[in-house]
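Both complexes shown next keep chain A, but they swap its partner, so chain B is in the first and chain C is in the second.
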Partner chain A sequence: MRENVMKPCEYACQTEEHQISRRLFLGAAAGLAGFTAPSVAKELSSGQKRMLVIFLSGGVSQLETWDPKPNTDTGGPFRAIPTSVPGIHISELLPQAAKRMHLLTLVRGINTAEDEHGRGATIMLTGRRTEAGIKYPEVGAVASNLLVTPNRDLPGHVQITPGGGSGFNKEDAGFLGPKFASITLADGKPPADLLRPASISSDSDREREALRQKLNAQFAQSRRSAQTDAYTESFEQAAKVAARAGAFDAGREDPKAADRYGRHDFGRHMLLARRLLEQGVTYVKVTHTNYDTHHENFDFHIEQLSEFDRPFSMLLDDLADRGLLQSTLVVVMSEFGRTPRINDRYGRDHWSKAWSVAMAGCGLKAGAVIGKTNANGTAVTEREVHGGHLFHTYFKALGLNPTKNFYPDGRPIPIADPKAAAISEILT
Partner chain B sequence: MGSPWRLLLTMALASTFFSSKLQAEEPLHKGIDRIIAEGFESPTKAASPAKDAEFLRRVTLDLTGRIPSATETRAFLANRTPTKRAEWIDKLIASPEYSRRMQEYFDVVLMDRRADTKVSRAAWEEFLRTAFASNKPYDELVREILSNDGANPKTRAAAKFFLDRDLEPTIVTRDISRLFLGRNVQCAQCHDHPLVDDYAQEHFYGIQAFLNRSYLFPNAQDVKAVIAEKAEGEVSFISVFDPKKVQKSTPPLVSGWKPIVDVTLEKGKEYKVAPAKDVKPIPAYSRLEKLGAAITAQENVAFRRTAVNRLWALMMGRGLVHPIDFDHSKNPPSHPELLTLLADEFVKHRCDVKWFLREIALSESYQRSSEIPPGGQDVSQDRFAVTILKPLSPEQFGYAMIQATGLTDVYRKELGNNASETSLHAKLSAHLGPFQRIYGSRPGEPEDAFSSTLDQTLFVKHGDHVQNLLSPRVGSLIERAGKLKEPTDMAEELYLTIYSRFPNEVERRDIAELLRMAKNRTALLSDIAWAMLASAEFRFNH
Partner chain C sequence: MNTPIDPTKTRLLMDCKHARPLIGCRFDPSGRYLFVSAEDDTLQRYDLLTGEKTPFVGHKSWVRGLAFSPLRDNSLVRLATLPSAAVGSAAIAAREPAPFTVYSGDYHGNLFWWKGTAGAAGPVKSISAHEGWIRAVAVSPDGATVATCGNDHLVKLWNTADGKAVRTLDGHKCHVYNVAFHPDGTRLVSADLKGIIKDWDLATGKIVRDLDAKVLHKYDSGFAADIGGIRGIGFNARGTLLTCTGITNVSNAFAGVGNPLVVAFDWNAGTPKPLKPTEAFQGTGWGVSVLADGTVIAAGGGGQGRVWFWNASDGTNTHAVNVPMNARDMAVHPDGTAFALAGANGTCSIYTMMVGSAAPTPPIQPKKA
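Let's turn to the complex of A and B:
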């Protein structure tokens, strides 16, 4: 029986979404082990683009990271240090990152005008402000929707969180639907159902799978639709993902790499992120917490950033060494920055008017700074941008056209906010 | 009333009367079959009538949300009464499971699985369930939902539609139009719909004008908030496509019908209770009060078209207008005459949902097989020549799993004399949550088109919830089947319980052979049962 998958008038035209709606997590990229040889990685890099977001949750201080203002009323106690790019200085709390400035691109003129955590995160992750009646997909859902190659066994949208529960999310893909929503690996652990439980032996698994296929084949002789096909295929796809569950196990990485990244949670999570990207996951987000330093901003930033600096730098090195950086977009973001004014508890509060994001890879102009803030960092003075500009820039860098539309319910919705455009100066 | 409106109204009423008189002799299910048959390109490409087992499983799922038990299936198949199908339909519609099924279906339709904030789940479900149990006319139900301000604790549940949307004007407007008028006018919020000529910006704001004076009192955060209304305020809108940026307004208006003429009140007499700090105002004239009547008015053809189209889709797997919420002139119904007939008859029968569903269930069109006849592959779904395979809803799938693995029977036995739909449901619902969470739509979003996601598949494949349901316990399927002597009897028990049919000869032989060779029969029974539960035959209502 033919199904009318297309609606009878033009609003549900043959959009890209419809074309790929059934491909799910189908795919190839063979082999269980991670790529250790740079040459192999190079082959992979030629085709597929991918994205890594490091989300510094709570709101990292731009003054203690990418846009220091030493010796001003707002600058705080830390120095600015020279980097591998002459003329560019960043905070002394990031000595390793400073040595890799030639790989980085800094955007210093961000004004997102939103000081609340949830809404700030929405702006940074969806490139849009919160709107009633529509739920925009997060960048990871968009990336996994648009970048997925038809040959893959692994899910496209993965996030690694410091805690909470592992599982499958529904919401962060917004109108793109749950297929593109993320899988959360809480503390790096995969969702329980991903692995075959010990109570089901491999013999039993094989037996029941064979029987299931036989029953479906019988049923399909007289009753069949695109939906029944999608359902029966989903079991074969799940089996493939389960068979590649090793991709989620950072414990299989070289112990020396674990030492380099640091034997702590964030180090382990970043190593897992490298593993997932190398295995062909399109988008990985790693969350590092907690930067919401209303009290003791400086002590906390010493602590958090010393944990952040090394694994971040190691991952940059590894991606660069393996030839993957040219096809991997790396973004270090927060929901907002922190107030230049230091409060009476030595804290800094929420501040979205003038803050910074660091990016790398995917052909972005390396060793560059775009945008500028005034002497004590209270306002953007040059090339002001917001979440919409960044969103455009990510997808341009990934080789896509962010002015194209999605068609949820047949309604055209531009991939990125049409009122903004990419920061062309940092694109090559 | 202006004369053009009066004329239109008279014409509408006359046509209703005339067409119903013509068809007076013909029961609705015959009318359905007549029109559906007229739409066949070739009658030979239509499926043959469904066999008893196919009918039994289908109609039980559609009308009560569960699958028949092995005992019910045996009895129905053995029954030789020629009227047994009609009797079974009547039995289902009269059962408390019917009200539960309608409650669950309409809850998802009306609330999109959003979080319960201001009206409790229990009160809302009770409200819906009693409405369907007493067969409250559908228009009356909708009027109650659209004209409740939440102030009376006894009837507050009906206000959930408004309250748990925080009375957010865009969302409420969109959903009223989408759910009750079959017009998804969301794209007409910022400009006339770019692709659908019938959906103008005025239609969006015409509905919003009923709501624009209302707000939540004391505030939207208060879980006890009620709806308050001011005596003034107009909607205004500008098309984003309009270079001149002309500001427009509209009175309350349901598209295709007359606008509401607001009562203008003397200055100083606008309020029964005047607005003041911490006081809920009561206007002398309420726009919101007009909404329920305007939406459900007999003259508003869109309302009845959408109502019958939704119920048709519930039973038949696809709307006559498809998708259900895009009713407009460029997306005509697959069977225009049938949609008109259904809509008119529904209103003539005072929006009687039980009667309407019964008529559909009685039709040959509903009772056709889902097996594609030779040469039938190319026939479009919208001909209804072969019964459409419907994926089970999260609730249906959950109940079906619980029933098939035997847990329902275990509980029924446990409850003994205290077994009622309510007491049994209380036990079963504890197992339903994971199915709703994993298979349900995202909270606050309409059900997505069917898709099989990785988490759903892994839930069935590896999840402990399904494993637990399958584990042998006294009275469960595996235990019951394991006690039988003959492997062929075991095969029969599995097929009757899970697929609600007898195995055919090949199936019986295949399963029996597997069981004969097994070292561990219980383990194998469990594997076979899993394979059946994970198969397409179980996942779809066919």
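Let's turn to the complex of A and C:
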């Protein structure tokens, strides 16, 4: 296999804008925590199942990633390169992932029939189309709800985003309720106000907490409800999270690991994802942006995928080396793919009719490809699936039965779309 | 003696059609042939005397870099000698073409040598020149050296006679988008994604200075990506003016929302002058050149296509031509009276600016391949 066909895109990784804070990593050397101790990993691997979603926001091109069509009218300028699995080729923009194909499972026959960003994301994250009158929970909320999580000190549903604000996203748990909603770590930073302000002493903090509990108890004697219980629990949860604040600090990881993942934002976010998974967080979603390449698709994919490829591959290696990949489901998804047709600005537009997702771990058949598209990638020709099939597959892989029901307000709602089923060929 | 031209009289002379979108275009030094590169990985040669179209097949990826040698002692074919009635005639077809070599660099990093006058034979030589894309190719004024640049951040010089490496110029910190020799042959400029132009002394291989065209780059923090780069570059014949073009004022990287811009440098002083289209056109400048009278010409596209003309001395945008294609490249004919645009629509259109009694009667069309 040709090594490193495209030179790593150094301009992407060395710009000031992509640089992570050196101080963050230098400061970390003083406080390497024992979260990654092999014994912890072994304990985690023995029972708990976890899920990591890497969301390539904007719609990554399947032709520049998992389903290249070189030297066709839609193929663009890039090569397809051999992988560690004979006969399987992926784009030359993913040289590191190609060497780990034996860990991956590719689904190449996705047709979600939805070319709008928001609705496409909904299909991929909930396994269903948007319906009036019901708000389905995202996959992270379902995982957080259904998977056994021995360590409940940390939130079970975490998103790491490139920017924006940190906080809770009460909507993404849908009918499961805010208890299973995600917490966002914007730019991988801990939740705002996680730690006690320095201006409040620990004694003062204890006194005000005691007062809050006393008033709470008085209130509960006469007007206790599910809502007040949830409110009370949120304080308890916050206290537990504050006690484990270090779990959110990727800067405590070994600087050598930071070097391996790449000294840029996405590298740091993926390292944080590893840390959270090892801490026992059930579901972590890392967003890498942006792939909405209506203009200059090829230049932008060089830049973005060169940033994606190494940290993704390093995380796969680490999960495999630590025995965690067998209990961790990894999914690389977008809201859709991109048009086979190259527009006049060298761009590709939104395309949901024939695109791909990569998965790994949790007993999926490794080194396998399911589904096929035609010669120039314009249509699925074998084993067409949609978001519902994928949703079933995720939970079957996680050892759950997605045909069972939730009962919001006493009404049975199947965990996954009953009109679809798991992709059994890739399950072991 | 220069044939009189008037940019305001620009009109279509000829369409050279291909089945696939085009990427680049160049006239050979004699002016007889127009070469285009296309998204099907081919080069296509159009004989402007006979109308014949000849494919050059061998690359396995897209070609953006095209150049020729020798550059001297060629019998120039003037476009004024192309009366439509003569196209395809035996007398014209029998004219002996002057031999020349074509150099083409592709997005797999391979540099090819071709006999420019040959038929549909393959390349006569190829080398693996860069890791990743070759983005531009240029030949030295004496024809002895071909320069390439690409995504490995390097500029490389090769001996045109045998393809041996002459020198590697290592100094850019990002993808190198363009390269051009100064007309006096002692210096070479290379230009990158971030708008840095490096001026190299060819005798020593040292950087003489950096020229600043950073206005043609932006890091879009919303999309977390770089956009821009110097997409076209060219000196005037005397070597007193260096021009480059690309996109500026980007407000949305992934939709390509920005404005084309030419930056013209006084070569001796190194001072830049922005040349802006008068209209609020959205898109990218893909090709730039300087005509014999000093007029700067650039072409580009976004949702539409345009060709712009400026008075380089005062920066006035003197004229603009609306063209029915997103122009992805531009080449000026060696006789200085016409230019070609490589279109995303698969057509390479030749426009003439010639005026006076010698002006051809357009349009004339080449034969189908």
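Basically, the second predicted complex is superposed on the first by the 355 of 428 C-alpha atoms of A that agree within 3 Å, B and C clash if a C-alpha of one lies under 4 Å from a C-alpha of the other, contacts with A are read in each partner's own complex, and residues count from 1 in each chain.
Simple rule for what comes next: contacts are C-beta pairs under 8 Å (C-beta built on N, C-alpha and C of every residue); 3 or more make two chains touch, one makes a residue touch a chain.
No experiment lies behind these values; they were computed from the predicted model shown.
Of the two partner chains placed by superposition, only chain B is touched by A:Ala132; chain C is not. Of the two partner chains placed around the shared chain by superposition, chain C is the only one that A:Asp344 touches, whereas chain B remains out of contact. Once the two complexes are overlaid on the shared chain, A:Ile302 sits against chain C while remaining clear of chain B.
In the superposition on chain A, A:Leu194 makes contact with chain B only, while chain C stays out of contact range. Chain A has more of its residues touched by B than by the other of chain B and chain C. When the two complexes are laid over each other on chain A, chain A has residues 4, 7, 9-11 in contact with both chain B and chain C. Residues 20-21, 39-41, 60-62, 106-108, 131-133, 151-153, 173-175, 193-194, 219, 221-227, 229, 253-256, 284, 301-302, 325-326, 344-345 of chain C are the ones that touch chain A when the two sit in their complex. Partner chain B is touched in their complex by these residues of chain A: 1-4, 7-11, 21, 24-25, 132-133, 135, 155, 167-168, 170-171, 177-179, 183, 191-197, 199-200, 204, 207-209, 211-212, 214-216, 218-220, 222-225, 227-228, 230-235, 237-239, 241-242, 409-412. Taken in their complex, chain A has these residues touching chain C: 4-7, 9-12, 14-15, 17-18, 58, 70-71, 73, 76-79, 162-163, 265, 289-290, 292-296, 299-300, 302-304, 342-345, 347.
Here chain B touches chain A in the complex through residues 168, 170-171, 174, 184, 186-187, 189, 194-196, 322-323, 326, 330-331, 370-372, 376-382, 386, 388-389, 391, 438, 442-445, 448, 450-459, 461-464, 467, 507, 514, 523-524, 527-528, 530-532, 534-537, 539-540, 542, going by the rule given at the top.
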